[in-house]
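When the chains are written out, they are named A, B and C in that same order, and each has its own residue count from 1.
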Amino acid sequence: MVSAAVKIDVRDLHVYYGHKEALKGISFDVRANEVFGIIGPAQSGKTTLLRVINRTLEFVAEARYKGQVRVDQEDIRQVRNVFELRRKIGMVAPLPVGLPLTIYDNVAFAPRMAGIRNREELDSRVEQCLRQAALWDEVKDRLNTLGTRLSGGQQQRLTIARALSHQPEILCLDEFSIAIDPVTTMRIEEVLKELCRSMTIILVTNLVQQARRLANRTMFLFEGEIVELDDTEVIFSDHPAQQKTYDYVNGIFG
Amino acid sequence: MKMRGMFHSRELLKEWLIEKLIWICGISAIFFVFGIFFFVFREGADYLLRGFHIREFFTSIEWYPTSRTQVRYGALALITGTFSVTLLAMFIAVPFGLGTAIFISEFCSPRAREALKIIIELLAAIPSVVWGFIGLTVMNSLIIHLFNAPLGLNVLNGGIILALMSVPIIVSIGEDALKAVPESYREAATALGCTRWQMTFRVLLPAARNGLLAAVLLGVGRAAGETMAVLMATGHSIRIPGGVLEPVRTLTATIAAELGEAPVHSDHYQVLFIIGILLFSITFIVNLTADLVVRGIRKK
Amino acid sequence: MFIRTHLTRRKKRHELYVKYVLLLMTLLIILPLILIVFYLIYQAAPILSLDFLLKNPIRGMRDGGIWAPLLGTIYLVLISLLIATPIGVFAAVYLNEYARESWFTRVINLAVVNLAGVPSIVHALFGLGAFVLFAGIGRSILAASMTLAIMTLPVLIASTKEALAAVPLAFRQACWNVGATRWQTIREVVLPNSISGILTGIILQVSRAAGETAPIMFTGAVFYKAIQEGDLLAYGLLDQCMALSMHLFTISTQVPDVPAALPYGTAVVLLGVVLLVNALAIVLRIKIRSRKKW
C-alpha cells in the first residue's frame, strides 16, 4: 500500500524564532502517496514545520532555520522558483480563510496567478476542485457570491478546493477541523481518503483519533522534538515505544 | 505538470522590477528630507560661507536687508517674534488642548467622543490662510474693542490663532497617549475607590506623560513653523515686543514677505534661505525629540 | 448597601466640577470657531452666487468672481495628486508589506514624520531651489504641484499604511500558500481590500493641498492672471496660475479698497471646499468601519 518513494526528506531541522528554538533538530521522511499524521499538543512546532516545507516561514521576520529539507530530492533552499515549490504543496490553515472574493475567484485565484487566462480551462479547474472538496453541489448555482458568505464548514471546504486548485502533489492540512462541526469533519475526511490516491497528504491534527482514522504513519511531536514516529497502528497500540506517546494518545496529558 | 513553467522568467523579472520600484518609493521620504535640507542649504550656502555674520544674526535686532547705506541682517527681533507668538500660543493651547484630550478620552460618552473627534479633525483642516484671514478681520476688531488697543494685529492675535491651529494636533496625539494607558490601570484605580478625576490626574496623566509631552512638542513644531496665519495676523513690525498687544514679525513671515522682492541669489535672498535652514533645523530637532519621547513609551 | 457619607458626596461633587471645567474648555475651543464660520458665511452671503465662481476677478481684483483662482487651485490639487498618489501608496506598501523591524525602517518612518513637520515656508524654499531653479522648470503649475505633492505625501502615507494594516495577515498567507508572489498578493488582495482607506487618504491630501499657500507662493502661483472664463483647459502645465488661497491672501492684504464681501466670499469658498472634502473622507471612513467584508 505504501510506496517506498520518499516525497519529503527532513534532516536535522532546527527553527528559531529569535532566541526561542521551536524545532530542535528533527529528522524524518514522508513517503509518496501516504497520509502522514502529525500529532502533538499546541506549541510543539507542528505549524512551523509546515511553514518550513513551503518556505512561507520567510515571511516571519524573526524566524530562521537550519538543516536540510528536500522535496522530490530537491533542497528547498536551492529551488529555482519558490512559487513553483509552493504550488507543489497545497496548504489548508486551521481557520478557514475565504479570500474576500467570489467563490469562483477564490478557486481560480491560484491558476490565474500562475498565468492561466483561458476561461474554459479555469471553469473546468474550478468545477473539478470544488467537486474534489465536496462543495460543488452546494455552491454551483452561486459561484459569484462572496466566499466569505459561506458557513464555516463550507468555507473550510472552499479553502481545500483552493489548496487543490494549483494541482499540488502534497496536501498539508493544519488542524483543519478546529472550527467546524463533526459532520462536516467526517465529510472532509471522506474527501481526504479519496485524495490520497493521487497525492501525498500531511495531516496535522489535534484530534488524535483523526490521525488514527486516516494516517498510514503518525509522528508525535512534543516541544520541538520527535517523540515517536511509526506506523499508526503501533502508535495507537497499547505499547508504543515511548510511554509518553501512550499517555498523550490516551489523554493522560496534553 | 502543465502549470509549471508557465511562470516565465519574464514574470519574475516583472516582480523584481516592481519590488525595486516599491522600495524606491519607500525610501523616497528620506530623499525628500535630505533634498529639502540640501537645496535650501545650497541656495544659502554661498553667503553663509562668505560674508555671513553669525553673531550679528543672532544678537542684533537690526534687520535692514534693503538699506542702501547700511545693510544689516540681525534676526534677533524675528527670533523673538517667533518665540513670543509660539510661547503665547502654547500658553493657551497646552491647557486647552490637554483638557480637551482628557475630556474626550475619559469623561465623554462614546457618541459625543466620535462627534467631538470629527469636529477636531475638521478644525485641523482649516487652511492657514483662512486662519490668517480670521485673525485679520474677526480677531482684529475683537482685540481692538476688548482691549481698547490701537491695533489688533499683534502678538495676542497671532498667539490665539496659532493656539487654535495647534489645539487639534495636541488633542489628537494627547488622546492617543491617554488611550494607550492600559485599561488595567483604570480598573485598579477604580477598584481602590478613586473618583474619575483622581484616577485621571494621579494615574493616567503620569502614565501618559511621555505621549502628552510629545503632543505638546508637535504642537510647538506646528506653531513655530506656521507661516500664512502669522504673516496676516501679527502685524508687520520688526522689533522685540514689550507686551502682547504689540505687533511683531516672525521668521516664517519674514521669508514669505520678503522672498518675492529679493533678487535671486542676492545676499538678501540667501539670508532668507539661511533663515529657512534655521527653521528646518528647529522643527527637525523638535520632531526628532517628539519621536524619541514617543518611542520611549512604546518600549516600556 | 453603600452609604453616602459626607466624603463620598464631596468626591462626587468634585468629580462633577472637573467634568464641567473640562467640558467648558472643550466648548471654548469649538464654539467660537463655529460662530466664526457662521460669521464668515454671513459676511460673504451677499456675494455668493454661481457667477462669483465662474467670473474672473476684474478691476484690479476689486470686483468680479474667482474663476481664475478656483481653476488654478483645481489644477494644482489634481496634478499634485497625480504625482503624490503613486509615490505615497507605494511607500506605504513598502513600509507595511516589505519593511522589517530594523533601524533602517525606523529612519524611514522618522523621515516621514519629519517631512510632515517641516514648515510650509521651508517647503516653498525647497520647491524654489530644487524645481524652479535647479531643475529649471521655472515658476509654473508643475513646479508648484511637485512642491505640494512632497508636502502632502506624509498624509497619504500615514492613512494608506493604516488601511493596509487593517487587511488581515491570514489573507496574505492564504495567497502565499498557493504560490502567489508578494506583488500578486498585494495587487489582487491587499490593495483591493484597502481601497476605501486609501481613498480617504487621497481625499485628505486633496484638502491639505487645496488650502496651502506658502509652498505655492514662490513656485508657481501669481497675484493675478486672467484666463478664458468657462474654459477648463485654460492653464498649461508650465503656466503660472492664480490659486484660491493665494488670492485670499492677496485681496485681503495686498490690494487696497477691496469691497469687504469679496475676501469673505473667497474665504468661504476655500473653507467650504476644504471642509466638504474632509467631511467626505470622514463619511467614507465611517462607512468602511460599519461595512467590513470579512
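Throughout what follows, a residue touches a chain if its C-beta (ideal position, glycine included) is under 8 Å from a C-beta of that chain, and two chains touch if they have at least 3 such contacts.
Quantities reported herein were computed from a predicted structural model and do not represent experimental measurements.
Chemist: For which chain is the distance between its Cα centroid and the global protein Cα centroid smallest?
Modeler: Taking the mean of all protein C-alpha atoms as reference, the closest chain is C.
Chemist: Out of every possible chain pairing, name the one holding the most C-beta contact pairs.
Modeler: The chain pair with the largest number of C-beta contacts is B-C.
Chemist: Centroid of subunit A to centroid of subunit C, CA atoms only: how many Å?
Modeler: Using C-alpha averages as centres, the distance is 48 Å.
Chemist: Once you find the CA centre of subunit A and the CA centre of subunit B, what distance in Å lies between them?
Modeler: Comparing mean C-alpha positions, subunit B is 54 Å from subunit A.
Chemist: Between subunit B and subunit C, tell me the centre distance in angstrom, where each centre is the average of that chain's C-alpha atoms.
Modeler: 16
Chemist: Can you pull out the residues of subunit C that are in contact with at least two other chains?
Modeler: Residues 181, 184.
Chemist: Could you list which residues of subunit A touch at least two other chains?
Modeler: Residues 83-84, 87, 114, 166 of subunit A each touch two or more of the other chains.
Chemist: Would you please write down the residue numbers of subunit B that are in contact with two or more other chains?
Modeler: Correct list: 11.
Chemist: Touching residues of subunit A toward subunit C in the complex: what are they?
Modeler: Interface residues on the subunit A side: 54, 56, 59, 61, 83-87, 89-91, 93, 95, 97, 99-101, 109-110, 113-114, 146, 148, 159, 162-163, 165-166.
Chemist: Considering the complex alone, what residue numbers of subunit B touch subunit C?
Modeler: Those residues of subunit B that touch subunit C are 11, 15, 18-19, 21-23, 25-30, 32-33, 35-36, 39-40, 42-43, 95-97, 99-100, 102-104, 107, 116, 118-123, 125-130, 132-134, 136-138, 164, 167, 195-198, 200, 218, 221-222, 224-228, 231-232, 252, 255-256, 259-260, 264, 272-273, 276, 279-280, 283-284, 286-288, 290-291.
Chemist: How about subunit C: which of its residues touch subunit B in the complex?
Modeler: 11-12, 14-15, 18-19, 21-23, 25-26, 28-30, 33, 36, 39-40, 86-88, 90-91, 93-95, 98-99, 107-108, 110-115, 117-126, 128-130, 133-134, 150, 153-154, 157, 181-184, 204, 207-208, 210-214, 217-218, 245-246, 248-249, 252-253, 263-264, 267, 270-271, 274-275, 278-279, 282
Chemist: With touch defined as at the start, can you tell me which subunit C residues reach subunit A in the complex?
Modeler: 100-101, 170-181, 184, 188-189, 192-193, 293-294
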